[in-house]
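Letters are used for the chains, namely A, B, C and D, taken in the order the chains are written, and counting of residues starts over at 1 for each.
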Amino acid sequence: MASKDRLPVVPSRLSLQQMKTKYQGASKGHSMLKKKSDALMVRFRAILKEVYEKKLEAGEESREAMMALAQAKYAFGGELKHTVMETVKDATLTLKTVSDNVAGVQLPSFFKSEAEPGEDGGGTMMLTGLGKGGESINDARDVFTHTLELLIQIAALQTSFLILDEAIKLTNRRVNALENVVKPRIENTKKFIESELDELEREEFFRLKLIQNKKERERKKAEGEQAKVANNVELLTPFNPDKFANPEKATDLIGVAAGVDEDILF
Amino acid sequence: MAPGGMLLFNTDDGYLEAIIRGYRAGILSSADYANLCQCETLEDFRMQLTATDYGNFLQNEPSPLATTTIQEHARKKLVDEFRAISTQATEPLATFLDYLTYPYMIDNLILLITGTFKEKDISELIDKCHPLGLFDSMASLCIATTPEELYREIVVDTPLAPYFAECVSLDDLTALNIEIIRNTLYKAYLEDFYQYCQKLGGATAELMGLLLQFEADRRAINITMHSFGTSLRKNERESLYCNFGELHPEGIMRLARADDRSSVASIIEPYGTYRRLWSAAMDNPDKNLEDAFFEYEVYLAKQAFDQQFHYAIFYAYLRLKEQEIRNIGWIAECISQKNKSKLNKYIVVF
Amino acid sequence: MAAGNTIAHRDKRFFIAVIGDEDTVTGFLLSGIGNIDSSKNANFFVVDLKETSISSIEDAFKRFTRDSNTAVVLINQNIANEIRAEINAFKKPIPAVLEIPSKEHPYDASQDGILQRVRGMLGQAT
Amino acid sequence: MDVLTENAVNATMEGTTEIDPYMWAGVGTAVTIGISVLGAAWGIFITGSSLVGAAIRAPRIQSKNLISVIFCEAVAIYGVIMAIIMQTKIVDATEGAEPSFFAGYGLFATGLTVGFANLFCGLCVGVTGSSCALADAQNPALFVKILIVEIFGSALGLFGVIIGIIMAGKCTLA
């Protein structure tokens, strides 16, 4: 067990407790992020399909639009492009955005907003081809506006697609980080603390046993030498903390150690 | 008869008339169109065109060809032909031919005026102008930077000055919608041209009368149909109608009050020609009224070739050739877009 | 996320920019998206592949994508192919860069970077 | 007829008789050739200008349509022939004999007949020839059809010539 795989902590009961809460937190975060990622994924798949279909549809649609434009050029003459380009002033068709919240990710959707054609300025394009070609130009305008609406939808979807893609990657990264780095590390730390604590217990137990043996020997020696001073000995024993504490503590410690060992095993 | 009538027409204009009839022979035939429609790519299209009167006009163009390039070259050919004619013309044919260039001039001027409003570089705009509508003082347009200057310095030197003086004041130039100015000028031009043709008399007056009356009526109907739902007011609309034509005066007055398509239909009902065109356009979903008008225009223009010793063939030739350029553009467009469903929209001239 | 900041203004009007051949541009201008601001910067750029230099297309693309008022940039696919590197380098979600077919070049899904990704993912997903 | 008109007519008659018959004959001849050539020339320029113009786009028509020019030219030749015939009638009267007024007037009338017949024939052929050139340039199949029209037009001059020859045949000045 390399030291970098665990958090730098002083093995103590307190830090063990801390690790346990940390572990719980990490598990909860992991499951929540997993849920978020799933939610995003659902949306993402829906968008994927839609983007794909809409893009192909737009391909068809713009073919139609080009045809309508060709018709307008047919009716108005080749100078249509110059006339149109020179008449441009202010956009009458612009976009508004509204964001949609999916699991904490802001997804924009665009809406077409058409300005009311002004008395002179904005509506200039409306009168193009007044004398000739107006009908075809209007048709072309309609088809193009329709194509544009489709493209606007695609734009929104595509933006969402990119944002979602990014968001999903981020979330998945976090999920994976929690799962593969943070959680094992905490676990390792926990194990480390427990094994350290165990070690301490065993040392203590061993030490106590030694002391007990020594005391036993001393006691036997004393019994043999001063058997007659029995009252004094009886008075002294209750005051010896080792005599009472040692056996209890020893069993306790073994029990805890065994429990931990089981935990580690499972 | 045009000046000189049958006996003296040829003194001045016989040669040019014969030349224009020669050009007319170069107009694509229905067989040519059938061949062009068979093309799969624009390269095929170019090959097919070499077999026609257009010859090698596209040979120096690098591939891939654009439809606009084809159209531009076709137009250039028309312009060359027209220039060849007009440089040899003597009066009064020269004036007549000048009249033919005025519509292009109006369009160019309008383009320049819009450009000046935007403070665009005028020399850049001149490249976009129709070559038939170029006028001498155009080069000096570069000095004009404001609409006022443009009006004072340039417009007064063009042949269009009287039309401007008649109906567009300096204030209008900035206040009115540019499309309204364009149509006002066009109206003034048509009325003037009509007068001039009537003055020439004879077959010219008769045939040009038919053609111009149709043009006037077509504009009136188009303007009416197109003005629904726009900011164009009824009195403004009325001022754009010409003061002659088959619809004039009664139909025009009623058109001025029309509110929707169906009322237009009922207004033109009593006029046989337009009723037929209207129903032709309504019966065929692939065709709109404008297509029907184009067809009728071709029909009228073709009729002009049935008579000799008059000027209307010059006008008719220009119209037919424009239709041909439109056709070529349309077919090329269909080919390049690989969409042949509407290919047959073109109008066979001869 | 970077996008968050730009979406914030709810009532703001965003423009749609176009880079394309003259027909495409004319068509979309007809529907009224054209805008020329006070300093005469147009939100459309006409490309003639025979004449327009690649660098000027790239400049236009950069100008549109950096403009915070632009929400969508439409670009003809055949033109996009010319500046593919620039487009691939552009990663921000807003403005959305949409590749649209041009007149002579019908839509080719295999060239659209975004759609390719979509396809790949759809393949994974299904 | 009232008196005034009668006087005027008489005066004119007297006036014309005062003009020498040779004068009548000479003027008649001049009119024949002059007016015929006018007609031919007019016809040729009407045909010619169209022919030249049409030949620019369709050079093949020029040799074929020369026939229209030749038809016009023929009109001038009729005039020349008539003038020669008439000229043979103008001979010096024998000593003491009066030149015939009948012949003088006759030759004058012949001149007018032939001259104007040829003038109009020339115009007619000119206009049809011009149309023929244009039509041929458009559609070669039309050439023969219009040529027939042209031939009929050309025949008109011949009628004048025939009548002229008959008229001139009766008129010998001395």
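Definition applied: a contact is a pair of C-beta atoms (placed from the backbone, for glycine too) under 8 Å apart; a residue touches a chain by one contact, two chains touch by 3 or more.
No experiment lies behind these values; they were computed from the predicted model shown.
Q: Counting C-beta pairs in contact, does B-D beat A-B or the other way around?
A: A-B
Q: Using mean Cα positions, find the chain sitting nearest the overall protein centre.
A: B
Q: Go ahead and note the Å separation of the Cα centroids belonging to chain B and chain D.
A: Taking the mean C-alpha position of each chain, the two centres sit 48 Å apart.
Q: Mind checking the centre-to-centre distance between chain A and chain D? Centres are C-alpha means, answer in whole Å.
A: Chain centres of chain A and chain D, defined by C-alpha means, are spaced 113 Å apart.
Q: Can you work out the whole-Å distance between the CA centroids of chain A and chain B?
A: Chain centroid spacing, chain A to chain B, equals 67 Å.
Q: Determine the centre-to-centre distance between chain C and chain D, using the mean Cα coordinates as centres, and give it in whole Å.
A: The mean C-alpha positions of chain C and chain D differ by 82 Å.
Q: Where in chain A do residues touch at least two different other chains?
A: Residues 63, 66, 128 of chain A touch two or more partner chains.
Q: Can you list the residues of chain B that touch 2 or more other chains?
A: Correct list: 68, 118, 333, 337.
Q: Show the residues in chain C shared as contacts by 2 or more other chains, in ascending order.
A: 22, 36, 103, 106
Q: Run through the chains and report each pair that touches.
A: A-B, A-C, B-C, B-D
Q: Residue numbers of chain C touching chain B in their complex, please.
A: These residues of chain C touch chain B: 22, 36, 40, 50, 103-104, 106.
Q: Provide the residue numbers of chain A that touch chain C in the complex, in ascending order.
A: The touching residues are 44-45, 48-49, 51-52, 55-56, 58-60, 62-63, 65-66, 68-69, 72, 80-81, 84-85, 88-99, 105-106, 108, 110, 113-114, 122, 125, 128, 137, 140-141, 144-145, 148, 151-152, 154-156, 158-163, 165-167.
Q: So in the complex, which bits of chain D are touching chain B?
A: Touching chain B from chain D are residues 42, 45-46, 49-54, 56-58, 123, 127, 130-131, 133-134, 137-138.
Q: Could you list, by residue number, the parts of chain C that touch chain A in their complex?
A: 1, 3-4, 7, 10-16, 22-36, 42-44, 46, 71-72, 74, 91, 93-94, 96, 98, 100-101, 103, 106-107, 109, 112, 114-115, 117-119, 121-122, 125
Q: Which residues of chain A touch chain B once you look at their complex with the stated criterion?
A: Listed in rising order, the residues are 63, 66-67, 70-71, 73-75, 77-79, 82-83, 86-87, 117, 119-120, 123-124, 126-136, 138-139.
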